[in-house]
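In the two complexes below, subunit A is the common chain; its partner is subunit B in one and subunit C in the other.
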Partner chain A sequence: MDDAGTSERQDGSGTYGVGGLVDSLDELGTDEVASDVVLLRRVWQNEKCAPEILPYEASLVERVREQIQLMEENIEAFATEIKDDLMLSLYRMDVNRTLFLLRSYLRARLSKIERHPIHIIDNQELWDRLSEYEQEYTNKYCEVLAKHFEQTVLIRLPEQYGSMLKQTSLASEENDMITQPHLNTFVFCRSRGAIGSFQLDDKGDESVDLMTNDLYILRYKPIRKLLETDQIELI
Partner chain B sequence: MAMFGKKGAELVREAKQTLATEDQFRPFNQDLFEQVVKETDEHYAHLQERMSQIKANESSEAVDPNFVGGCAQHRSVLRNKRCLLAYVNARMSKIKQLRWDLGAVLPDDITANLSSTERTFFQGYSEALSSYMADINLDLTVDATPPKDPYVQIRVIGNLGEVLLDDQETSLLPHSIHFMTRTEAEPLVMQGLLEIYQG
Partner chain C sequence: MFIHSALGSTEIALLDKSTSRDRLWNRTPLSSLSGITEQRAELCTWDRLLILGRTAELIVQPARNSMAGRASTELESSLFSGAEVEFLAEDDMVVIVPSLRMDTLHLICGDFGPFMPQVPTSVPLWLGIAMKKRGKCRLRAPEWMSVENLTQVLELERESPQEFQPLPFHYVEVSRLLLDNARDDLIDVYMVQTLIEDIRNVRFHKVQSGLQNLSGKTHAVKLKNLAAMEVSLIRPFFVRALEKFYLHDDEELVQPSQTETDTPLASVDRLSRRVLRPR
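Presenting the complex of A and B:
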């Protein structure tokens, strides 16, 4: 990004024509914007398709939000000067699409948290995948959830049966009422590189040749590691 | 005693219907709910009776028929617990959706169909969500579908008077038609003050 260009734009002193807007939006680092948006798209897609919650992409979200803000400021600054409504509308659309991705990504995570809140709280590894605010939300959500079940149903049941975590305190030793995501479900995925032969189970009976850009339907659990290292993407 | 588990099954069917009816919210079926709770209590009373008889017969060698009976009662209590929770859970997911679709304040006709604990739950859920969205400084309830056009044509339903749109003061008179950005229109559409106008 060209620093001189940025400061000049913030002064708002220069008069810009249509070309000026296009130039200055390019100066925003279109390449950088594009790549982060592409990255966000992949992260969003993975999050939507994976049965479990994935690590929160804090720095990516941070970057994308800064870029959105910068673009919005620039569009606003030039909205009064620009004559070309079509161009303006295209830039707005671009910002709106990125905002949609971001919102949808955060929504997908909330819905996973709400589906298995207690499982996530109990599991340190999953808990660490949440952002600080998501953790706060999970705690609050669990609280209202437990209170609601307690006051509506559990308080009305015989004492030994009144736990939200156990079916009955008579027989169950573990918390046997907490739902967990099905990690063995099948997912569609695309290989991002030539990974070669990959074992799908411990015994080595089943393996698959992962070629670049090929599509596969595989069980989620064995390919989790590949997703973590960004060698595959879910679709 | 009624047939084992029949009321519970009815309650689950009710839960399914609650989820299936899209445009309205069914009232909390307190009557059926109470019947299942009562049945559960009866099962439990029978179970305790069996248990005390099992204790009394402990010395005898023969297989105690009370044991089998007790198991059936025990499973019935568990099953009813599942049914009750499933019903409440189904309604809860619907209530959560209301927060996303209608915002933090529910219209009276829906509130009337919620039980008092459900109202409390809605408040709690709404507060948790609102404070999360305030923390991240982003309203997640808008933009539910991918945006096609940044602008939409809308028709004014309620009386809004002068409002600031896009930093310009515009007067939104009832029944007038306007062109505005989707992000500005969506919250007002959710509140029922505007509707999307299709030519």
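Presenting the complex of A and C:
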């Protein structure tokens, strides 16, 4: 669980700013009382399944971190006061499960950043989805990556092939060597409410009836709006 | 047919994983059927793949320099591992009968208890199993795990080849966990185990035959009542297959697809060709 890179970031994430990031779940979550763990669980699943990076859930992560910290302090106090091994171990299990969710969520995001760092930097919308720490990480990762390519390969190639972003400096005007997430992939999703007929392309000649709790395999691109508004969840 | 011939020449790497998970799928190893040796990726045409797909579990990866052009690890890393699926299942609620007195637990995931001897109470499965392992409670099998209900479900599964019966999303994992950890608390253990095994087999068979319905015209697949473990098993194959179909269905997408960003699809004559396949 603890490789140096990510656990370090987790320790640092205690100061994640609220920033301008919108916690979409908070906005919609008024009619239902879902615990933060349930929310985190859903956010984690969405993040794991979606091909692109999703908005960072700043306030949710913050709340969960606080709860974990509080619980850890409680356990410590409890351990000295009362000697009830069963209760203690159950509390510890609970903390560990929540910790796992949180770590896995942050890790899933990091792995997406590492997959398409330049694409994320280039795209303002995606860039705004990152937390402050993730932005810092992305920048540093790009630096290291560029340095590595430069030193191992690019320096040995003819000049026109020397760019990390272009195939050749003569033929390509735009940066055409940036990998991007594959948004036309298919995802498994479940509707969280009766959405009704939903168009799968712009023309409107293809639609699907989304019923509550039914499972569908759909192309990611048309349904990303539904994901943003929390009307569906990915599984 | 255009799609078919286009795919027929597409290089698709196959990796036979059937022996490693034979117990889950209960089928013959691929090697005996096709000469593809297990754990070794091979290139294969689409026609052959469809035939193989019905007899063995295949992991389909694009060949290194295929048109999709992206690392095969991308998809796999976004999947949930077996352990993660089980982790999710452990949040399902289960009724326990405690054998000790214990105060309410104020956990991050909610408050549970107080626990009184012989008074049934509802807790998450992981909590129940942890207490069971220490001999502090008995687990009560959920209602759907009764022999009567399972027998009925099995019958209905067999009668309707087109649909899946409603079972808990995590029925495979929950029953597995209960059978592994609380065998002595269950009634008719062997019967229950066999029934669940049979139900799983019938359902997997339906999923496999459903593969034949996938085509270039499939742009949405509805899988009502499919369970978590079944999703995990079919995901690599379904997603890859649908992606390929989508790619080859629209010639315009084949060439510039990699540089295309978020612009709406300039789709060509999709009008008549797209048909939803309800399952």
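Keep this in mind: the second predicted complex is superposed on the first by the 201 of 235 C-alpha atoms of A that agree within 3 Å, B and C clash if a C-alpha of one lies under 4 Å from a C-alpha of the other, contacts with A are read in each partner's own complex, and residues count from 1 in each chain.
One rule holds in what follows: a contact is a pair of C-beta atoms (placed from the backbone, for glycine too) under 8 Å apart; a residue touches a chain by one contact, two chains touch by 3 or more.
Since this is a predicted model, take the numbers as computed values, not measurements.
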Is A:97 touching the first partner subunit B, the second partner subunit C, both, or neither of them?
-> both
Answer with first, second, both or neither: which of subunit B and subunit C does A:147 touch in the superposed model?
-> first
Considering only touches as defined above, state whether A:201 meets subunit B (first), subunit C (second), both or neither.
-> second
Just subunit B (first), just subunit C (second), both, or neither: which does A:228 touch?
-> neither
First, second, both or neither for A:156, with subunit B first and subunit C second = first
Winner by number of subunit A residues touched, once subunit B and subunit C are compared = C
Determine, under the contact definition given at the top, whether A:89 touches first (subunit B), second (subunit C), both, or neither.
-> both
Would you check which partner chain A:62 touches, where first means subunit B only, second means subunit C only, and both and neither mean what they say?
-> neither
Of the partners subunit B and subunit C, which touch A:186 in the superposed model: first, second, both, neither?
-> second
Give one of first, second, both or neither to describe whether A:81 is in contact with subunit B, with subunit C, with both, or with none.
-> neither
On subunit A, positions contacted by subunit B and by subunit C | 89, 93, 97, 100, 104
In their shared complex, at which residues does subunit C touch subunit A?
-> 68, 70, 74-75, 77-80, 84, 87-88, 90-91, 100, 102-103, 105, 107-110, 126-127, 130-131, 134, 136, 219-226, 228, 231, 235, 238-239, 242-243, 246-247, 253, 257-259, 261-262, 264-265, 267, 270-271, 274, 276
Within the complex, which stretch of subunit B touches subunit A?
-> 37, 40-41, 44, 74, 77-78, 81, 84-85, 88, 92, 96, 115, 117-118, 120-121, 124-125, 127-129, 131-132, 135-136, 138, 140, 142-143, 146-147, 149-151, 181-183
Subunit C partner contacts - residues on subunit A that touch it in the complex = 35-38, 41, 45, 48-51, 64, 67-68, 71, 84, 86-87, 89-91, 93-95, 97-98, 100, 104, 108, 111, 115, 176, 179-180, 182-188, 200-203, 205-206, 208, 214-219, 221, 235
Touching subunit B in the complex: which residues of subunit A?
-> 65, 89, 92-93, 96-97, 99-100, 102-104, 106-107, 110, 114, 133-134, 136-137, 140-141, 143-145, 147-149, 151-153, 156-158, 161, 167-168, 170
